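Per-chain numbering from 1; labels A, B, C and D assigned in written order.
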């Protein structure tokens, strides 16, 4: 399934707060249905550029949820304002237009593709990394794939996007367990504490772990899974200029030497395809400690 | 009277259409009262820079009207959208903020300063050049200086700012005469036709002409006045980066050689201080023919 | 009888060193991977190919992995890159990439770089021998390992390189100039003297930035090359100087984002224009620039150009 | 006992070639006319002077009217200028401007340029003899009329000029480098070798633009110099290279708009930073940059710097 060629302009239909993050929706008339893990390159049609000439390049953003629209599909994006690009997305108003290219990159695969007899999936998300897991979780629910969801965040401010994991009734789905560093919700500590407990139990061995979050968290997930011989797929981040293989800017080192282009070879990578440094290759773009 | 040192941020209180132009108002809490002919360097506080990195420098804009505000003064600016800077001003919304530096430059002088027995003033404005004449005219009215006002424009679209010449009752002041190229209002033709007729009459000799408009119009005014030996003050334009004498970009040739810095030596210049080319020095920034 | 449409097509077409191109907009080397783009966008890429010729990423004699990340950094109205020329090397390119690039609906220009004349010669001979290749671009922003000098910074090095390479192929040789010199026109004239068929400019400006979070250079390589609208005025001036000093055609590039920008480059003397960084913002930018250029109908062009903008 | 405030003042102060400055932010030559600014803003300018030293516009031996307009043109995140060094000439400067500049509350650095060593010598001797002058900046982006070469583009020309000028004054000599070279560090090293006390960089990049309305060069002079944020990455790289190659202090400039930008320049090796184009957007930019720099408390600075940012 290829992406429509070129960028296209989509209308903003909604922009709402979600804890300290924002969720905004675009109406993509042409859009193919994106798969969980895929992303788009986004830039606002107007005023993409502040007083100092940035943002200049488009920004890679994972699709967090999608649904039918009058024409085409609705795309929801979860945004944490960390710089001029995401700040601009945060202030988008309904009716404004956004240039999009995508859907880009590969997608998470089904547990059964990995193990014909996989018991199910464990989703581990941290901070803004919960975005691609929301779409993944809904698909698993709809297709009856057994799964558990572990979400971690630093504090209430950084707990945005939780409603993407809610049932129609608005309550957090029963399969979701939370961890927070400040203890305001769920386990006080890291989400990887929850994962460690689960992996220590017998039943997890034949599952597949799906994770997205800050690099140190991904590295903790990768090494936990490696120690327990559990397969894991990690949705990584790296600096991207183009998103379609043109710039070679998104390089992620491979354990055997050389580099992946994360935009076309990822963003979803099997744990054993990356080394410890790779899972943490974009450390500069995120907090360096385990905070989510 | 010097300008407050540095730029300051002022709130937009209003922005309304005026034919094809816009008039927007700023509340300047610190502001000294500007004098007619003076200008400000303006840049919006947010989003001063489109997708291609322009506008970058602030823009010189004449003050068109001013009045008391709760604190300080209200400043009205008349804008014709001709590029990224003026387009941005056109879309300003109440509550937004604008960086201003000023008031800058010199001002028109009183007719009596020139001729102790001057009979009065003739104001000749074209297109967006009507802006500084509006403030000048009100001052003359209030101080009882006899004056006539001749305003010219290409067509209805380019006839913005006329309401700045209205009495409290909203009717165009009796001393205003219009010319339009398409004949939709007043004399069909150039405003300089009206000026030529007046200057041909005896009573104008001891008056002073005040003019602002596109360079070819200013040049026509200058040469008409020279031919009739009538003193004239022209408010010129030139490309400006700073507005306070720092960049030397606003050079206007002097007939005796060398250059004026229009931002500090002008923008108001006596007709005999500039040569024919000087009045037309910023031709690149405006239409090259006599259209207003 | 030719239709109005055909006549429009033909007056819009441009001859570049004997290669007939449908319009004057090509890509800048290293800023478009047509093979990856086809994987992403499917055959729609070929049906609506944005460029009138495709310029490959620079290839080197041996495979290269490229630089360690971080490789890119955004700057005011531009970006830095220190990609480090990752490529499969000559053999890998000929075996794996060339057959795929030959499927593109436009002529192919292959960009090559080496750090010595013998290796450069090997590249030019091998690439020039392939009929899929319409022309070769020589990326001379590289050191000569013997002299230690950057070839493209020295007119004498440039001319000597051309003297060595010119006899090896009948295909057009395009010299890609580096902008990091006082007098690019002197280097261009030396290239012409040595038998270059065309020049292309500008390559990226040597530049760097610091990560505000660490106070360290933002790029792992320490520095990189600046591209995008920020460099456009530098490109236009170098192009003016180069086209005044040479008779051969020039491919102008550096921050071209739209048709109005392309008009400036043509006014400065370019025969073709290349779109680089702007493709990152808009994968179809080349086609858009071509369409905008076509409808720009500039009032006047300072330089005579071999294409009819009407 | 010194108060906390005084201690803060003193740790913030910086010694530059023996001149004590209250903070590390000065102006870039030719981007601030303190005399005109005082006419516009009154004595408020002096009470709150934005720079810790004032650098004059470049003066030449004889008066110059400057270039015909159009002299400036806006570009993406920057601007072009071709002002053409209008100034009153040495005599006019000493008689009319120097007494007024001496009233500024900060040390005065006078920028000078000439097209031959004897005229340069006349400027340095005459300006250096005035006690109002703390230091002299040599603008070497000028041709040597004898050799025809741009002095600042050649290490040998630069060193020869320094050899000629160094004996003529005991005042600090700052060499303002041109960025239009392949190897600015070589020119800086030559300047140091010739006895320069400091270098300053970058001057503007050679550049041009075309007026979309006419298809002609936008500036009457055909080309000009690019400044502003667009050039910042080029300035940072040249500064890194120059400060690695020399021991003398550097004044870094090129697109500095705020404290974060200034931190990058200090990380790249600058002792002082200069604000140029940004003053056009904000006449008090120098003071703002100084205040922001002071509160920036960068996590780490790559280069040791002679000022305490705490």
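The rule is simple: a contact is a pair of C-beta atoms (placed from the backbone, for glycine too) under 8 Å apart; a residue touches a chain by one contact, two chains touch by 3 or more.
Just so you know, these numbers come straight off a predicted model, no measurement behind them.
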Joint neighbours of chain C and chain A, given as chain labels: B, D
Most distant chain from chain A by Cα centroid: B
A-D against B-D, pair bridged by the larger set of C-beta contacts: B-D
Length of the line joining the C-alpha centres of chain B and chain C, rounded to whole Å: 48
Euclidean distance of C-alpha centroids - chain A vs chain B, Å: 55
For chain B paired with chain D, centre-to-centre distance based on mean C-alpha positions, whole Å: 36
Where chain A touches two or more other chains, by residue: 49, 52-53, 56
Touching two or more other chains - residue numbers and ranges from chain C: 75-78, 213-214, 228-230
Graph class of chain-chain contacts, one of line, ring, star, complete, other: complete
Chain D-touching residues of chain A, taken from the complex the two chains share: 52-53
Residue ranges of chain D touching chain B (in the complex, touch as defined): 30-33, 35-37, 39-42, 44-45, 48, 57, 65-79, 81, 83, 86, 211, 213-214, 228-230, 277, 279-284, 287
Chain A partner contacts - residues on chain D that touch it in the complex: 76-77, 229-230, 257-258
Touching residues on chain C, where the partner in the complex is chain D: 75-78, 80, 150, 153, 180-182, 205-210, 212-217, 222-223, 226, 228-234, 236-238, 240, 255, 260, 263-264, 267-268, 298-302
Contact footprint of chain B on chain A as seen in their complex: 46-53, 56
